[in-house]
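Lettered A, B, C, D, E and F in written order, each chain numbered from 1.
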Amino acid sequence: MTVKRILIIAPHPDDETLGLGGTIAKFSSQGHEVSILVVSGHLPPLYKQDDYDITVSEAKKAFKILGVSNSHFLEIPATLIGDIPVNELNNKINHVVSDIRPHMVLCPYPDRHIDHRLIFDSAMVATRPVGVGKKIEIVAAYETLSETHWNAPHIEPNFTPNWVIDITNHIEKKLDALRCYKSQVSEFPGPRSIEAAEALAKFRGTQAGFGFGEGLHIIRKLS
Amino acid sequence: MTVKRILIIAPHPDDETLGLGGTIAKFSSQGHEVSILVVSGHLPPLYKQDDYDITVSEAKKAFKILGVSNSHFLEIPATLIGDIPVNELNNKINHVVSDIRPHMVLCPYPDRHIDHRLIFDSAMVATRPVGVGKKIEIVAAYETLSETHWNAPHIEPNFTPNWVIDITNHIEKKLDALRCYKSQVSEFPGPRSIEAAEALAKFRGTQAGFGFGEGLHIIRKLS
Amino acid sequence: MTVKRILIIAPHPDDETLGLGGTIAKFSSQGHEVSILVVSGHLPPLYKQDDYDITVSEAKKAFKILGVSNSHFLEIPATLIGDIPVNELNNKINHVVSDIRPHMVLCPYPDRHIDHRLIFDSAMVATRPVGVGKKIEIVAAYETLSETHWNAPHIEPNFTPNWVIDITNHIEKKLDALRCYKSQVSEFPGPRSIEAAEALAKFRGTQAGFGFGEGLHIIRKLS
Amino acid sequence: MTVKRILIIAPHPDDETLGLGGTIAKFSSQGHEVSILVVSGHLPPLYKQDDYDITVSEAKKAFKILGVSNSHFLEIPATLIGDIPVNELNNKINHVVSDIRPHMVLCPYPDRHIDHRLIFDSAMVATRPVGVGKKIEIVAAYETLSETHWNAPHIEPNFTPNWVIDITNHIEKKLDALRCYKSQVSEFPGPRSIEAAEALAKFRGTQAGFGFGEGLHIIRKLS
Amino acid sequence: MTVKRILIIAPHPDDETLGLGGTIAKFSSQGHEVSILVVSGHLPPLYKQDDYDITVSEAKKAFKILGVSNSHFLEIPATLIGDIPVNELNNKINHVVSDIRPHMVLCPYPDRHIDHRLIFDSAMVATRPVGVGKKIEIVAAYETLSETHWNAPHIEPNFTPNWVIDITNHIEKKLDALRCYKSQVSEFPGPRSIEAAEALAKFRGTQAGFGFGEGLHIIRKLS
Amino acid sequence: MTVKRILIIAPHPDDETLGLGGTIAKFSSQGHEVSILVVSGHLPPLYKQDDYDITVSEAKKAFKILGVSNSHFLEIPATLIGDIPVNELNNKINHVVSDIRPHMVLCPYPDRHIDHRLIFDSAMVATRPVGVGKKIEIVAAYETLSETHWNAPHIEPNFTPNWVIDITNHIEKKLDALRCYKSQVSEFPGPRSIEAAEALAKFRGTQAGFGFGEGLHIIRKLS
């Protein structure tokens, strides 16, 4: 088996688990190297440093459960990503891509949260099929509960998966990892509750022929 | 309160419950009149008459649970709807609309099943804002597990709801009604399993701010 | 009858009348409370303070004709909205939504005018189905003559209404209110002339089964 | 000046005037040759022969007002176009295109009326850029009041013009020609009333910088 | 290496080579089993039997060059596919899928040619993620010169690849196979000329980071 | 013949030749006046002044080959366009449009490069059908190799031409002009290689009925 390097770009700690917790657990259980790049977080001035530190420590517990190989935190204050010049944000993400030389890059779908849009844009630049980008076999965008489904229907892009990954054997790890994010997860019927995450996985899975699944929108596959 | 007449057009018995079981239970519990028009069914020559009779008797049990006021069965053989001249199918559906004079018409989303597409087309003709159609306050399309989500992404239209109905207090009736369709419902992880239907309702609901919901695509609202 | 609180977000004074003058008159004649939030205006440094003051006094006359209950002016200089940090603009609009606790929010369609896009984005954040947003029954976007129809066809989103409100009995008030905006309205065949506004209303109305109408794009309806 | 041959394909008599009456008058006043191909009509068995004969005689009066050079009536019964094998319908339309060798072909937008869709499909085949099709400089689709605007928003294609023709000097002829269609035109606020047609022309025109206009969707321009 | 079974559905002989000649050569050179299902052809009554026989013998030469493992010819007359009841066409294609149990199904993009649309529809039914369909790892649609690029822009779906296969080492075989289709290929600048096919491959390839490529639209990937 | 003034807006030197080199050569050979507005360039602080000077001198050679009448360089640093207030960028482009009073404006398609998007937005404002904009007969967007085809499929707008200009007699000039841009053009299989540009032209041309072509997306045509 060829070991693949998989880079998952998360706007904030928890997005990677919400969108791809089962997929991370699956890939790592198969021996692949999964790296997480967390771009932003609940940092001053809009949030307290403590808020951020809590989410990072929650993230590290989640990453351990899921079998993440490496993680990088760019520590850009949430909702202030637009204050950084575009070329600087691009450079930061480019550098990580150049270091990791991934076979697969999974990024957030551009949605209600402006950070997701700006990071999506930079990810699109960093994964262009030039230089190190020519070695990326697949670029895809994942959905994030409570943001992706709040895009305005038929005005903004609406998520429809063209790739579903069977996570039937990994749903428990996904939910366990999600439970680590005590500061982020809400009680049912909250849009980011454990029950909502499980329901989405069951919906995506059953419509694709298995029990639980995670859906992605493939942007570029090169073979 | 004004009693509203609501017409739900189902291609085959069970589509109304899959798509709108909770909504039917909700509307009927509020005193509104819900009529179901079942256009097609598992009839000869492609199916045995017995197959059809079973689904009709299942439907009648389900309708009772949900509180359906009236039901009409047009008895057109499934997957052979295209054999009927378009103007005849239009006439059949027009007649029902003219008889019921509904305030609301809910029809299937045009999807993988060709019957759903042809019935959608006829429903669009029958609900034009002319004649009896001028009194229709809302026309919307509902999703059907295992057909709507099999439309080809980004080639065929993909369902994104712009209307979610809170069925938190009616989810049990929806699932009970669905259980009546023993001949149609499959075991988990089947795409039409009880678990899949519950998961979809939980996903739609939590993303809209409540526990369980049913999603629709509004086509025309007149106020 | 339940009195509804309706919040209309206008980028600049006159957008609310161009898009929804008849609807405002209708809702207020029915006893509902209509609040207008005017976000921006022709303010220094790009415009003279006098220019702004004139449009505000025109707006107040128009609001009186239409029966507006409350109005709020955020006084952000037009075309400079992008200079405000996104989170501040979001906060300003959030506060108004929290104060009013509306049952309905009607905002501009994202179009040629960059202010309309930025305000649309903030309105989408403020009306998410969480907290006070869970009580909003409908979120919809209205069209603005001379901006909405200048979106690039098939590149940017193009307005097609899925909700038409019958304003046949209120068209005169709409046009009277529009005439108050002497500084904004141009002579026929200007794109914002009285004649153009009347023609659009007649076109939207007749295609929906009545004399005059105003079209909206429903983004989220919760029932 | 080069005289251009312009072919307008009308599903039924009156569609050409509703969609392009001003354009026909303009082109013919400039000395171009405008040919009308009327594909279908209110013929037996669904309609009486008399119904058809009336619309044809109305059409001939309208054509005279507009300055039409030639007209062809294929006499296929309305709403039964789908009964003709696709290759036969294609052949019929191909033959007319081959005979006329047009510089411009204007066809109906595929909309609520199934005849419009089938004729659109055949027109797309007949105008492919091969053989006689290589000489066609522009292929475009026009809108038809009361059918084009009844396409389901965001499920079926929705008309947005990318070409507007100034008919300010020809609006009277358009409305006069439309008045010839006594059997087809309804009183205001009917969706095909004279007032509705005038309102649409004023709306299209003012948004494009002139008084009255007709909108088209350009499909292929070759230069 | 796991040998994969790849099923390519071609509406008519030559579509498989135009769309996927390089991909077929690549997969077969890697040891995979490539099966071609040719659904239709130039058969009586619209064509002479001889016409058909020629294309079949051309196809067999092309298949040999490309290394095709198996081929099936359903022999349905071209442009008359719509005369077969939908359920029969579905059954025919279903049977082939059931026999081959493919890991990958590549079908035509629904485009200008009505046969391509009907076959696309049937392929979508045959590859649903149920039964044998659950073992299909990827379903994708390929482009066909002179048909796919004649879809009406912004009315019908327009092809944009999300998967590009590097055929740099197989472009010569693709062009050689295409040259076998003497009865179908035209001289430059014909839309199906060897030069056009090579240009498309070079365009798709260079935009994806290599010399020559073939583009596909992924419909469903299951992992 | 009426001499037309054609304004081509290029984000950076070479975009005009990549997208429209043949068209420029054709229009200028026909006696029309072609003006190029180059908005941005490889300027300090992100690039060295020398880098910029080289591209300008390359551009001037290319313009001479193509027969460009006038050129304007706004000299805004590349990828920093977003640092300029929107109203200033709009003013700069407005001024050029007002000076030239063009009959035709051709601008970049909004794509992967953020400069292209911002310039597209400003071009849309500058060409609105008001004032000098009422005299613009056509506004269209051209494609740029290696940026336009890197838009995310089915999330961002994807280029499909509705206008193809026959450049068969001008392809050599286009490629010669492109060769002037030594600092920008890469060797085959680079995405901006001479071979890639020629392949795209051959693909666009052959699908439109001629040898070589350049594709555009028409945004607004006024007649």
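As a working rule, a contact is a pair of C-beta atoms (placed from the backbone, for glycine too) under 8 Å apart; a residue touches a chain by one contact, two chains touch by 3 or more.
Since the model is a prediction, treat every value here as computed from it, not as a measurement.
Chemist: In this assembly, which chains make contact with chain B and also with chain D?
Modeler: Chains touching both chain B and chain D: A, C, E, F.
Chemist: Do chain D and chain E face each other with the same patch, meaning over half of the contact numbers show up on both, or with different patches?
Modeler: different
Chemist: Between B-F and A-F, which chain pair is linked by more C-beta pairs in contact?
Modeler: A-F
Chemist: Equivalent interface to B-D, which of A-C, C-E or A-B, with over half of contact pairs matching by residue number?
Modeler: A-C
Chemist: Nearest 5 degrees, what's the C-alpha rotation angle taking chain C to chain E?
Modeler: It works out to 180 degrees.
Chemist: Mind checking the centre-to-centre distance between chain B and chain C? Centres are C-alpha means, answer in whole Å.
Modeler: It comes to 35 Å between the two C-alpha centres.
Chemist: Can you pull out the residues of chain D that are in contact with at least two other chains?
Modeler: Residues 129-130, 146, 150, 153-154, 162, 191, 207, 209-210, 217, 219-220 of chain D touch two or more partner chains.
Chemist: Tell me the shape of the graph of touching chains, choosing from line, ring, star, complete and other.
Modeler: complete
Chemist: Would you tell me which residues of chain A are touching chain D in their complex?
Modeler: 153-154
Chemist: Sort out for me which residues of chain D touch chain E in the complex.
Modeler: Within the complex, chain D touches chain E at residues 85-87, 109-110, 120-121, 124-125, 128-130, 141, 157, 217, 219-220.
Chemist: Which of the residues in chain A end up touching chain C in this complex?
Modeler: 46, 79-80, 82-83, 112, 114, 146, 150, 152-156, 191
Chemist: In their shared complex, at which residues does chain F touch chain E?
Modeler: Contacts found on chain F: 145-146, 149-150, 153-154, 158, 160-162, 168, 188-191, 193, 195-196, 198-200, 202-203, 205-207, 209-211, 217.
Chemist: Can you name the residues of chain B that touch chain C in the complex?
Modeler: 129-130, 133-134, 162-166, 207-210, 218-223
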